[in-house]
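Below are structures written as structure tokens.
You will see subunit A twice below: alongside subunit B first, and alongside subunit C after that.
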Partner chain A sequence: MNAARTRQGQKAIKGAIGIGLFFLAWQIGSSLSGVGSYFFPQPGDVFRAFVELWHKGILEAYLLDSLGRYFAGVGLGLLVGLIAALCLGLNKFIARMFTPLVSFFYAIVESAWLPIFVIWFGYGITTILTLLVYVVAFPILYNTLAGIRAFPPTYINAAKSLGGSRLQIITNVILPGLLPNIITGFRVGAGFAFRGLIIAEAIAATSGIGFLIFDGAANQQTDRTIVGMIVMGVLWLVIELFYLKPFEKATIHRWGLVVSAEGRET
Partner chain B sequence: MMTSKAARLFLPMIPFAAILALWFIAPSIFPIPAYKLPTPQLVWEQFAATLSDGSLLKHVLASLERLALGFVIGNALAIPLGIAIGLNKHVSDLCMPLLTFLQSIAGIAWIPLAVLWFGIGNGAIVFVIANIIFFANLHNAVIGVEAVPESYRRAVRSLGASSTQTLFNVIVPGAMVQLLIGLRSSVAFGWRALIGAELIAGTTGLGYMTLDAVQWYQTETVILGMIIVGILWLVLDHAVFKTIENRTVIRWGLVRSD
Partner chain C sequence: MSDGMPKIKVRDLKVSYVHAATGQRHLALDNMTLDIREGEFLVVVGPSGCGKSTLLSTIAGFISPQSGVLEMNERPIAGPGSDRGVVFQDYALLPWKTVVDNVALGLKFKGVSKTERTKTAKEFLALAGLAEAAEKYPHELSGGMRQRAAVARTLANAPEVILMDEPFAAVDAQTRMTLQEELVRIWGQSKSTVFFVTHSVEEAIFLGDRVVVLQEGPGPVKAELSVDIDRSLRVWPDLNQNGRFQQLREEITALVRKTTVAA
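After this line comes the complex of A and B, so read on.
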């Protein structure tokens, strides 16, 4: 126990050294290159830009905008994905019929939808939310359909022969069996959605972290671009750590579904 | 047996046909202006026109070339570094937190800096693609190497193998499954980022073609671009990567096919 803790501590120290070395290299590189702050800002420039943006309240406002869009979009996407999965999924026949269509739409990446959403909904929140819903719903739908096609009929037959009704089979056998697929799809979609949000904000928004990254560059304020990138990275790690990981734990790990999913594959 | 096979091929056509039919009749039922939803004929004509004047092929090739270049550069850097990190605990402890952070900003967020450093167009886009592919496969290489049991390494070393022999005969084959999975998934990330990067920093390519068309309200070009993006990805993923997987991983019995 103690040894494990020392090992953890050593790991943290070494990790901090790694990050420190990165900043040192950045500092040395940018001061040696002599190309100017616009072309290659120093860490100090970026820090000053961060403090300035924070004091003016711009950064907080942008962060809240981005977070609000992200959670609204991902939540709606989860809902749409689940409803679509329920409609297309409760029957192997329908699942097989719709799989190629779903794969095709899944293959049209979100960035390719952005131009037509702009034509349909203009620049703004509708375009961004539609994009996020799209990018979250399709992996969920796709994974669920894949799960349904591979669902072992023996499970259903077993439940049937024990006298389970159709509804009981759906709620007690099929849905729990498909939950790992749904969660995997959601994980994938939530990751894509974060990148989708950044690109959508770059093109169709006037606020948010993605806007900050691209607007900074457009106004020759490269230090603001880098502030935006760093905030984006921290934001994603925070979302992953405090939102997606607990979500996984609360569902897959708790119900021991991972074991059954792995057991099914062999 | 025949009928069920035919049905299996025929069934998936129904939703496609339904959507196509809906698309055909939508303008006559709902008052949708043509600039919002051009008819399928218009998209088809645009396809024929851009195919015959060669502009479509030019954009497709530009996109694929960037993807290929980014794929080669990104993986050529990621795989050796990933193996090094996987083999050495100190390197791993030192690099992983930083790399995890950089991974979370990999891809399109680098577009502004890439444009600044490499100019708009090919250089910037290839940088962004190589960047995301690097981070997408790095993790797989590390996991792959870490999954090779230490005892295997020790066993070969004690039989007198040099470190190069250990690397190429034990570690690389042992990590191969994960590496191939990484290659495939890294292309998926690269492809997504490619279309996004071309929207913003392109002067050619499918992403550029679609957003450029928005300015002229050439919605038929936008839809054509989307369809081609979808088809190209399915072809790339199924024809190229599934085949490679079938020929290697599944054939060697390393993982079971579905």
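After this line comes the complex of A and C, so read on.
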């Protein structure tokens, strides 16, 4: 365990070095470029904008708005995607029938839907949530259906021979067995939703990180735009490190259902 | 034939299924007639493609027969059920459950409380020599240990008949012999009825009270033989020197081979 912790520490250090190099390159690049801070703000400008936004309470309020929209949208989308997958996937015929349609909608990106959602639902939370549910639900539906089509029949046969009822087999066998697919879909969907949120807030909201990014640029406060971009990146890192990774580690890695990039987890 | 009703009765069974890859209908069993007697260890041996696994899947209820009689305790078999436990060649342990939870799964389905079913599962794990592995996940075990766990899972559910589909085919020869010896020991304690499918003639003689030889392609049973070797003499590797074993091996091998050539 100690060795594992050391390895974790080394990974963190390497990651920090990467981030440090990025800021260094940014500083050097903006100093050497000789253009104005409106065009290419330096790290210091952005840091001052960050402090100012935080001090005025704007950043905190926007952050909370964005996170609220994001988690509500992703949670709803997960629910919708799972329920749809179970409804369509319980029957192989229906699963086959809907798969091309699901692939079709999966391919229509969120920004393409935004204009029509605005026409239907106007500017505001309904449009944003609809967009997020859409981008989360389809990858989950798509991947879960693929998992159902390829589900090993012996697991189900084994459970039937042990006396499992239909409901018991769904909860004990099918749902956990589909978890790798659900997680894959969720990862894709959660990533799409993050981009979708920024676009949606730029167009259909008057607060949030997406609004900050676009509003900053429109008002020649480029440093604010970059603050929004950095917050966006940090947020994703936090979500990935503290939610997605630990969940995957406790489930599909623990069960030996995936081989991680560094080899099999033990 | 023994006195009393057979545990499982198969009469003129015909089974065909649509091949998933080619989409063509494939006749797997035809004119199959067979009795499985209460408490016996029956081994079915035959070349690949003889329908022995299909027969097992049909008895398990995974496949519906096209025509013929298939009964257990004089009642038609309509689908899978916990009265017939199955041990699969690829173990079919659920990767997301620990070994002990896998073994307790049948009892969980029956509504047995968590403490009670864990206790029972641990007893069967101990019987299978797996007490140490209870809290591990299946992917952390060797092939032989996984198959022990799969056998323990089936036994813990106390089925009337145990159906075993080439369960030791995927493990190495040494482990295989150990597993055969352990299976006989454990079966001796439970005295349930076993229907065991294999392509290994040696395995069939080592394990079986009776050996049934199937022919290649659909058709009736080729031969039925009683293994009249005392169980106390069935120990590896000594059994190889046993004259009766050698005789039976020669006879059954010839039967299996003849069916192959004839087809």
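Please note the rule applied: the second predicted complex is superposed on the first by the 209 of 266 C-alpha atoms of A that agree within 3 Å, B and C clash if a C-alpha of one lies under 4 Å from a C-alpha of the other, contacts with A are read in each partner's own complex, and residues count from 1 in each chain.
The rule is simple: a residue touches a chain if its C-beta (ideal position, glycine included) is under 8 Å from a C-beta of that chain, and two chains touch if they have at least 3 such contacts.
Quick caveat: nothing in here was measured; it's all calculated off a predicted structure.
With both structures placed on the common chain, the touch criterion links A:Ile213 to subunit B but leaves subunit C unconnected.
By the touch criterion stated above, A:Gly29 is placed in contact with neither subunit B nor subunit C. In the overlay built on the shared chain, the residue A:Phe104 is in contact with subunit B alone; subunit C does not reach it. By the touch criterion defined above, A:Ala202 lies against subunit B but remains apart from subunit C after alignment on the C-alpha atoms of chain A.
Set against each other, subunit B and subunit C differ in how many residues of subunit A they touch, and the higher count belongs to B. In the superposition on chain A, A:Ser161 makes contact with subunit C only, while subunit B stays out of contact range. With both structures placed on the common chain, the touch criterion links A:Ile116 to subunit B but leaves subunit C unconnected. By the touch criterion stated above, A:Gly44 is placed in contact with neither subunit B nor subunit C. The contact surfaces that subunit B and subunit C form on subunit A in the two complexes overlap at residues 266. Interface of subunit A with subunit B (complex): residues 10-11, 14-19, 21-22, 39, 93, 96-101, 103-105, 107-116, 118-120, 150, 192, 195, 198-199, 202-203, 210, 213-214, 216-218, 222, 225-226, 228-230, 232-234, 236-237, 240, 265-266. Of all the residues in subunit C, the ones that touch subunit A in their complex are 60-62, 79-82, 84-86, 88, 90, 92, 94-97, 105-106, 108-110, 137-140, 153, 157, 159.
Residues of subunit B that touch subunit A in their complex: 8, 11-12, 14-16, 19, 35-36, 90, 93-98, 100-102, 104-105, 107-113, 115-117, 191-193, 195-196, 199-200, 206-207, 210-211, 213-214, 217, 219, 222-223, 225-227, 229-231, 233-234, 237, 256, 258. Against subunit C, the residues of subunit A that register as touching in their complex are 152, 154-155, 157-165, 168, 172-173, 176-177, 179, 251, 254-257, 266.
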